[in-house]
Structures are given as structure tokens and as C-alpha cells.
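Next come two complexes, and both contain chain A; in the first it sits with chain B, in the second with chain C.
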Partner chain A sequence: MNKYTRKWLFRVLVLAVLALLPQVIQARYFLHLVVMAGIFTILTLSWNLLAGYTGLLNLGHAAFYGIGAYTSSLLAMLLGISPWIGLFAGGLTAAFFGFLLGFPALRLSGPYLAITTIGFAEILRMVAINWVDLTRGSLGLSGIPLLTPIRLGALNIKFYFERDYYYVVLAAVLVTLFCVRRLTQSEFGVSLQALRDDELGAQSVGINTARYKIAVFTISAFFAGFAGALFAHYIRLVSPEMMALHTTFDTLTMAMIGGLGTMAGPILGAVVITFLSEWLRYVEDLFKVDIRLVIYGLMLILTILFMREGIAGLLRELANKLESSRLGRKKESEP
Partner chain B sequence: MESLFLQQTLNGLIVGSVYSLIAIGLTMVFGVMKISNFAHGDYAMVGAYVAVFVLAWIPGWLGWVGSVIAAAAAVGLLGIITERIVFRPLMTRWTDIDTIMVSIGLFILLENLAQLFFGATPRMLEDPFSGRVVDLGVVSTSMLRILCFGFSAVTIVLLQIFLNRTRVGVAIQATSQNRFAAQLMGININFVYTITFAVGAALAGIGGVLYGTLFAVYPLMGAMPTLKAFVVTILGGMGNIRGAIFGGFILGVAEVLGGNYIAMEFKNAIGFFIIILVLLVKPTGLFGQKEGT
Partner chain C sequence: MTEILRVEGLAKMFGGLCAVSDVSFNLNHKEIVGLIGPNGAGKTTLINLISGAIQPTRGRILFNGRDISKAKAHEVNNLGIARTFQVVRIFGKLTVLENVLAGLVDRRSKGPWHLAKDAIFGPAGALVEDREACRRAEELLEFVGISRYRKELAENLPYALTKRLEIARAMATAPKLLLLDEPSSGLNPAELMGQIALINEINRRDVSILIIEHVMKVIMDISHRLIVLDYGEKIAEGVPKEVCSNPKVIDAYLGGGANAAH
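Take a look at the complex of A and B:
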């Protein structure tokens, strides 16, 4: 069995397990956590595209998430537009803002970009708080419609339970993953990484860095907005807090702990943090202490200092070690 | 109408002096080490809590003076510790993203540790003058606010003396201008890093006591000083101490006037509007020079 078939076999196996998961484990709370982890995965993948692959530290990412959520919710609530269209409308609106934010990002880097993007998100959050007629202010929007049923001939698929959303989110994660993977492995993605590692060098070999930066901001914002819209139609509650700095910090923590600039990192980070949070909440209740964020702060620092590639890097190293010891044994057994 | 304008400007200058004080520490650390420390506002938070405890122990204005000194010492020490453990290992890596993110980790850690130990309830720092108001003709202000302004001004002047008249101060400035040349001149760069971080954090600690006096003391208060200090620093050009002093006053006055004449709800966003506009025109900030090495 060569490496290629093994890779595909592994993928099919993972897909099969994921597809059957809700049939095996039917606990609604567990499925709820998996759905949330899926939404965070999309959000973190989109952030990773900017920070991990292009080196653009966007600390206003929560704004895109919020824009997607508000757009889709308001379209459904005020105009009665189907949430299915809303998901894409939310993504596209966020993409438009990402496109706009791409322009200042052309000339800024490091702390300048970080503060400008925070400013962008904070201004939007204040708009959401103060435009009470449209957004109901800090109360937020509630009673957002669920995803509408789909009719396929005689089959009527309703979206009501966690299990139903599980499949929607699974599909969304897979599509996002596919897109991000194609993007990063294409000439576009390689150019982005060149831009990250040496902007002047990238320009000197003819990469139009300006166009690439704006493009990656637009694409990243689209997926973040899509994730926000998905969240809105699942949780059915959207508030300006979605756009607050701590949402971006959560995303950043997931990406970093999972492995910045890797494909598996955002998935690992989102799943680990989502489930760890629940477990820690249980511990907190037991001992009556708020230690969850203390631990995340500590984990973030330790990851950057000692484990720059996060869990993904750790797993890769482990796999390499296994591989090399296997090859070593093979050589020994040869006559 | 005119007196209201003057009154608001005075309030803006007083708050602005505190912004300057906190921002100077941030800009010094950036100038010398190229570190953008998002946990800087948490040094201010820790300073404010030091004041809470000192004031509970020694009441009155003596306690107030004592708490400023204690805050400077304690937070200066915290600055040294965090520099050694968290930032020093990254100095060889030289990526903006790593240092910014590690400081975000430190920010999350410090504010939640504070919440764990001190509880979430906001506290007020006791006013040693029990709210005495000073009438200055057209405008009036409280004794406490004058004291805050006085403390900021004195600290800033002392810092200038330290930077220009002492060997260490000159070494800090030299390192800020050109790290490699400074090293060639026999400056112990690691010592300069430690001192810079200690002084920068101590300034934030003092600023935190004043900030806590003007507003309130609670574990999550650090986010605002961090963001404001960054706005001020960018406005004044990162690494530029004089720029930070002016930037602080500009932000203080702009916030108060903008809040009053444009929209109160967007008071905290005015700084962001200003820097987005400034950066669009001049990416190195209002007083920023071309970046050196």
C-alpha cells in the first residue's frame, strides 16, 4: 500500500466515522458541542488564512463574524429571505467589508495593522449597540428563524435538532476545508506564504502583493461571515458581543493552540478548546473558581514559547518519529 | 458655551495626561525592544489594585502618595518578571505576530488571575480631599483631578531627566535609535531591556493608580488603557516618547470634545477614527519618522 492510497483510505475512514457519529452517539448535548466546534472551525480556518498563511495579524476578525450573523438574521427577520440564501448573503456582506479593510492593510503591518483592525471591529460593535432601530442595541436580535426545510421530491428534510445541524455544519466545514486547502496549495497560496516570509522578495519576483492582500482579506472575511450566519440560525440569538475583542481572542487561541499556519491546526484547536471549555466549566462549578481563561492565557503563552506549531506540529513530529523508526526496523530486517 | 468648551478641554487635558503616562511606557518598550505589548494596560490594572490595598491600610493623602510609589515598585518588578519569562525568549525570533500574540496571552492571563484573586466587583479609590472642588474662574475642577494631573506631569518630567541626564537613560535612548551601534559602543543590551521594561511597566503602574482614581478599579479594566495607549502611541509614532506625550493630550481632548459635540455613544471609538484617518494618510503616525533599524 503506497502513501497515496493510505492517505485516501484514511480520509474515507474519517468521513465515514463523521457521517455515522450522530447515529452512534445520540446525546443532544454532545452533538451541540460538535456543531459549535464546527462553526468555530470555519471561523478559525478563515483567521488562519490571514494570520497563519499571509502573516496579516487581523485582530478585528470578530467583526466579520458579527456582520455575517446580523446580515443573515436581519434579511430573514425583516424581509423574510430564506436563511439558506442568508448564509451566503452574510458571507458576501462580510467579504465586502473585508475588501474595504484590505486597503488600509496594504500599507500597514504588525502593531499598526493590529490596532487598525481592532478599531474597525470596535467601531462596528458600537454601531451595532447604538443603531437600536435596526439591531435592538445591546439586547441583540432574538427569535432568528431556523434553517427552512428542504423538499427533495417526497422527502422533506427539516432542520430542528442538533443532529440536523450537525450535517449542515459538517458539509460547511468540509467545503471550507476544501477551499482553503485548494487556495493554500495553489500558486495563490504559495504567493501568500512568500509574501508573509519576505514581502520585498515576493514583490521582486513579480508577485502583486497588493492584489493578493486584498484578495485574501476578502476571502477570509467571506468564510468568517458565513460562520457567523450559521451561528445565528443555529443559536437564534445575535448580540453586539459577538464582535467584541474576546471573540477574536478566542479564535486566535484556537488557531494558535491547534497550530498556526497549518491545515489541521484550526480543526484541532476548535475541537479541543470547545470540549475543554465544557469540561473546565464542570470543574469550575465543582470548585467554585473561574480558572478557564487563566488556563487559556497560560496555554497560549506556553504554546508560543515552546510549541510554535501547536498540536498539529506535535502530531506531525510524532508521526515522523514513528515513520522513521518503522523505516529503521525495515532496514534492519533486510539481509 | 465658551466656558463649557474650556471646561471640557480642561477635563480632556487631565485625562490626557494619564493617557500620556501609560502610553510612554508602551512606546519606550516598543522603541527599545520592538515589542508591542498588549498586556501593558494590565500593568495599569495591577497598579490600581496595589493602590486599593495601600489605601485600605493607610488612608488619606499620605496613603495616596504611598500607593503611587508602591504601585511603581510592584509593577516595575512585575514588568521585569514578565520580560524575563515571556518576552526575552522571543527576542531571537523577531516576528511581530509572535510577540503580539504572546502579549495577548499574558493579557488574558493577568486579567483573569486578577478576577480570580480580587473578585469582579468594581472598587473606587478613596478621595483624600473628600470631593473638594477648586474654582479657577471660568472653569472648575476637583482637587483630586489636579493631583492626578500634577502626578502625571511630575512623573513625565522625572522621566525626561532620567532619560537625558543619567548614563542608563542615555543608553536606553541609544538602544532605541540603533540597537547594533549601541551594542558596539559597549552597552549591555540585556540590562537595557530589563531597565526599559521595568521603567515602562512602572509608568503604567503609576498611570493605573491615576486611571483608577478617575474611573474605577476592576479586573477587566486593563483593556481600555491598552487600546488607548496604542492609539496614543501610533498617533505619536511608535517609539517616540515626545510623540506619546502630545498624543495623550490630543486623544484626551479629542475624546471629551468629540463625546460632547458629536456623539457621546462613540466616545471610546473616537481614538480609532482618528488613527484610521491618520494611518491612511501617514502610515508611521503623526510624529513618526522613517523607521530605522
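Take a look at the complex of A and C:
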């Protein structure tokens, strides 16, 4: 079996497991966590495109997430527009704001960009809090419509239970993963990484770094907005708190622990952190101590100190070791 | 001989400091011109100006008759001028092969949106699987002699080889003029010979070259013509032998006293 067949076999296997998962494990709480992990995977993949692959430390990513959520919710509640269209409208609106935020990013880097983007997200959060007529202020929007049923011939697919949303989110994660993977492994992605590693060097090979930064901000914001809209029609409640720094911080934690600038990192990070944070909530209730953020902080520090490429990097190293020891044994067995 | 580059009255001020003042020269097709001068003479500033990394205070730069003095670095490259850097600026977290691939992308006709669209909707999404681009990148790595490191991260290359990688990356953009900023610094004598051969080979491929170099052996061997800068001004120009016996040049390198004693 060559490497290529093995890769595809692995993919088919993973897909089969994912497709059957809700049939095997029917616990609604478990499926809810998987759906949340899926939404966070999309958000983290989009952040990783900026921070991991292009080196643009955007700490206002939660704003895109919130913009997507509010846009789609308001379109559905005020104008009766289908949430299915709203998902994309939320993504596109966020993309527009991403495009705008791309411009200051041309002149700023490192800590200056980070602070500017925090400011951007805070302004939007304030708008959401104070524009009470539209957003109901800090109360947030509630009673957001569910995804509308899809009629396929005689089949009427409803979206009500966690299990139904599971398949929608799974599809969204797969499409996002496909896009991000294609983007990063293409000439586009090589250009992004080039400008991350050395901006002047990138310009010297003809890369218009300004246009690339704006493009990647726009694309990244689209996926974040899409994730936000998905969240809104699933949880059915959005509030200005979605745009607070802690949402971005959660995203950052997932990306860092999973593996910054890797493809598997955001997925691993989102799943691990989502489940861990639920488990820690249980521990907190038990011992009556607020320990969640302490543990996140410690994990971040340990990751940065000892495994820069997070869980994804660790797994890759393990795989390499296995591979080389396998090859070693093969050589030994040959006379 | 056809003129490819023309610099007219070029000046660059950094605050009150005049890094380059009123420099004029030209460079012909297939010519190798050496740029020498003591430390701080303004050689690198001159290359930064031509390549668009910084903009001149006064004067004009014409490339193939077109004024490029206001052009940005990426525009200058798109027009056909590539460069290397005194302190290497490779893409450390990309592989050696990907460094060259970054240069191979046809950026005159494809912007970021075009590439992003191709990446997602195009049939050959993955660049690493694009046989044609990879083959050309391999060729260039072969050409500069580092093809066996193609899969290594560029930051893991030994210093001498990063200099070669920069040349391969610059060549990937198919330049008509190559600006080399001290390509031989930090090389041992054996590596030096290789570097001279490489630069000559590049020149044989119809590329004109402007080269800054401190290693005299290199500059005397390969330059068709020399330009000497001192305190931002051009003090001499001509064939290497002539220039080296020019009293002004000796002054600049050894200081006024040396010439008097001579």
C-alpha cells in the first residue's frame, strides 16, 4: 500500500466515523459539545489563516464572529430572510469589515496591529451594546429562528436537534477545511507565508504585500462571520459578549495549543479545549474554585515553552519517529 | 550595446545625512558592473533605491526607458529587476523549494484574488503538486547547486547556502537585471570560486548585473566596469585596472595620508 492510498483510506475512515457518530452516541449533551467544537474549529481555522500563516496578530477576531451572528439574526428576525442565506450574508458582511480592517494592517505590525484590532472589536461591542433599538443592547437578541427545513422530494429535513445541526456543522467544517487547506498549500499560501517570514524579501520577489494582507483579512473574516451566523441559528441567542476579548482569547488558545500555522492544529485545539472546558466546569462546581482560566494559562505557557507547534507538531514528531523506526527495522531484517 | 538602466542625478537624504548624492551612471545589456567603495559610501542605499525598497529624494531611475524612481519594490520586481540582500532575507519557515516557488509565481498577471480563486476552485489547487512549477524550481536549485536541500526548511541551511538560495529565488522571477549586494561575504575561498562561476553563468543567460562586493578578487574577475562611491558620491568609473590605480580611489580606501606618502 503506497502513501497515497493510505492517505485516502485514512480520510474515508475518518469520514465514515464522523458520519456515524450521532447514530452511535446519541447523548444530546455530547453532540452539543461536538457541534460547539465544530463551530470553534471554523473560527480557529480562520484565525490561523491570519495569525499562523500570515503573521498578522489579529486580536479583534471576535468582532467578525459577532458581525456574522448579528447580521444573520437580524436579517431573519426583521426581514424574514432564510437563515441559509443569512449564513452567507453574515460571512460576507464580516468579510467587508475584514476588508476595511485590512487597511490599517498595512502599516502596522506586531503589538501595534494587535492593539488596533482589540480597539476595533471593542468599538463594535460598544455599538452592539448601545444601539438598543436594533440590537436590544446588552440583553442581546433571543428567539433567533432555527435553520429552516429543507424539502428534498418526499423528504422533509428538519433542523431541530443537536444531531441535525451536527451534520450541518460537519459539512461546514469540511468545506472550510478544504478551502483553508487549498489556500495555504497554493501559490497564494506560499506568498502569505513568504510575507510572514520576511516582508521586504517578499516584496523583492514581486509580492504586493499590501494587497495580500487585505485579501487574507477579507477571506479570514468571511469564515469567522460564517461561524458566528451558524452559532446564532444554533444557540438562538447572541449578545455583545460574543465580541469581547475572551472569545478571541479562546480562539487563540485553541490555535496555539492545537498548533499555530498547522492544518490539524485548529481542529485538535477546538475539540480538546471545548471538551476540557466542560469537564473543568464540572471540577469547578465540585471544588468551588475558578480554575478554568488558570489551567488555560498554564497550558499556553507550557505549549509555548516546550512544543511550539502544539499538539499537531507533537503528533507529527511521533509519526516521524514511528516511521523511522519502522524503516530501521525493515533495513535490519534485510540481509 | 543597448542601455538597460540609467540613473540620473540620484540623491537620497536620511534626515540631514546625505547617503547618496547626485549619482549618475548607466548599465548596458549583458554588462556586469561592480559597485565598490568604503563602508558607508552609500552602495547598499543605491541598490535599495533602484530596487524600490526606498524612494529617492531627487533624481531619476530609468529602466528600459521607463521611469521607475517612484515604483514600489514589488512593482520594480515585476518589471524585471531582482535583487539579493547584504544580510540574507530568505523565508525561514518555508522549505528551500518553496522559497524558489514564491519567486516563480507569475505576479505580472496574477494578483492575490486571482491566486486565491485558483487555489479554491482551480483543478491544481496544491502548488506542491504542480509538477511544472516544481520542475522549474528544481532546475534553479540545481543551477545554484543546492537541490539536495530542497525539502529542508530554509532557516536550517548553512549561511553560505542561504546566499545561493537568495540568488535562485531572485532568478526565479526571470529578471533582466540582477542587483547583488555582497554575494560573497562570509564565504571561504573554495565557495568564492563557485560564486564567481555562478555569477558568470547567470550573466551568460542574458542577465545584466550590478554587484556590490568587498572581496577584490571577485570584483576584479567578473566586472566589466567599476563604479566607485565615497561619501555618497561617485568618485570614479571605468574598467577595473584603471579604477584601481586612480589616486582618488586609493585616497578613499586608504585615507589621504597614504597617497601623500606614495
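Convention: the second predicted complex is superposed on the first by the 335 of 335 C-alpha atoms of A that agree within 3 Å, B and C clash if a C-alpha of one lies under 4 Å from a C-alpha of the other, contacts with A are read in each partner's own complex, and residues count from 1 in each chain.
The criterion applied here is as follows: a residue touches a chain if its C-beta (ideal position, glycine included) is under 8 Å from a C-beta of that chain, and two chains touch if they have at least 3 such contacts.
Since we're looking at a predicted model, the values are computed, not measured.
K.L.:
Is A:L314 in contact with chain B, with chain C, with both, or with neither (first, second, both, neither)?
P.N.:
neither
K.L.:
Name the contact category of A:R107: first (chain B only), second (chain C only), both, or neither.
P.N.:
So A:R107 only meets chain B here.
K.L.:
Thinking of the overlay built on chain A, is A:Q203 touched by chain B (first), by chain C (second), by both, or by neither?
P.N.:
In the superposition, A:Q203 touches chain C alone.
K.L.:
Using the touch definition from the top, say if A:I118 reaches chain B (first), chain C (second), both or neither.
P.N.:
A:I118 contacts chain B only, not chain C.
K.L.:
Pick one for A:Q185: touches chain B only (first), chain C only (second), both, or neither.
P.N.:
The second partner, chain C, only.
K.L.:
By the touch definition at the top of the document, which applies to A:A215: first (chain B), second (chain C), both, or neither?
P.N.:
In the superposed model, A:A215 contacts chain C only, not chain B.
K.L.:
Quick check on the superposed pair: does A:G297 touch chain B, chain C, both, or neither? Answer first, second, both or neither.
P.N.:
first
K.L.:
Which partner does A:L33 reach: the first (chain B), the second (chain C), both, or neither?
P.N.:
neither
K.L.:
Can you list the residues on chain A that touch chain C in the complex?
P.N.:
Chain A residues touching chain C: 178-179, 182-183, 185-191, 193-194, 196-198, 200-209, 211-212, 214-216, 219, 261.
K.L.:
Using the touch definition from the top, list the residues of chain C that touch chain A in their complex.
P.N.:
Residues of chain C touching chain A: 51-53, 72-74, 77-78, 82-83, 85, 89-94, 98-99, 101-103, 105, 107-108, 110-113, 115-116, 118-120, 125-128, 133, 169-170, 172-173.
K.L.:
Inside the complex, what are the residues of chain B that reach chain A?
P.N.:
30, 36, 86, 89-90, 96-98, 100-102, 104-113, 115-116, 223, 227, 230-231, 234, 238, 265-266, 268-269, 271-273, 275-276, 279-280, 283
K.L.:
In the complex of these two chains, what residues of chain A are touching chain B?
P.N.:
Touching chain B from chain A are residues 51, 55, 57, 104, 107-112, 114-116, 118-120, 122-123, 126, 129-130, 245, 249, 252-253, 256, 260, 289-291, 293-294, 296-301, 304-305, 308.
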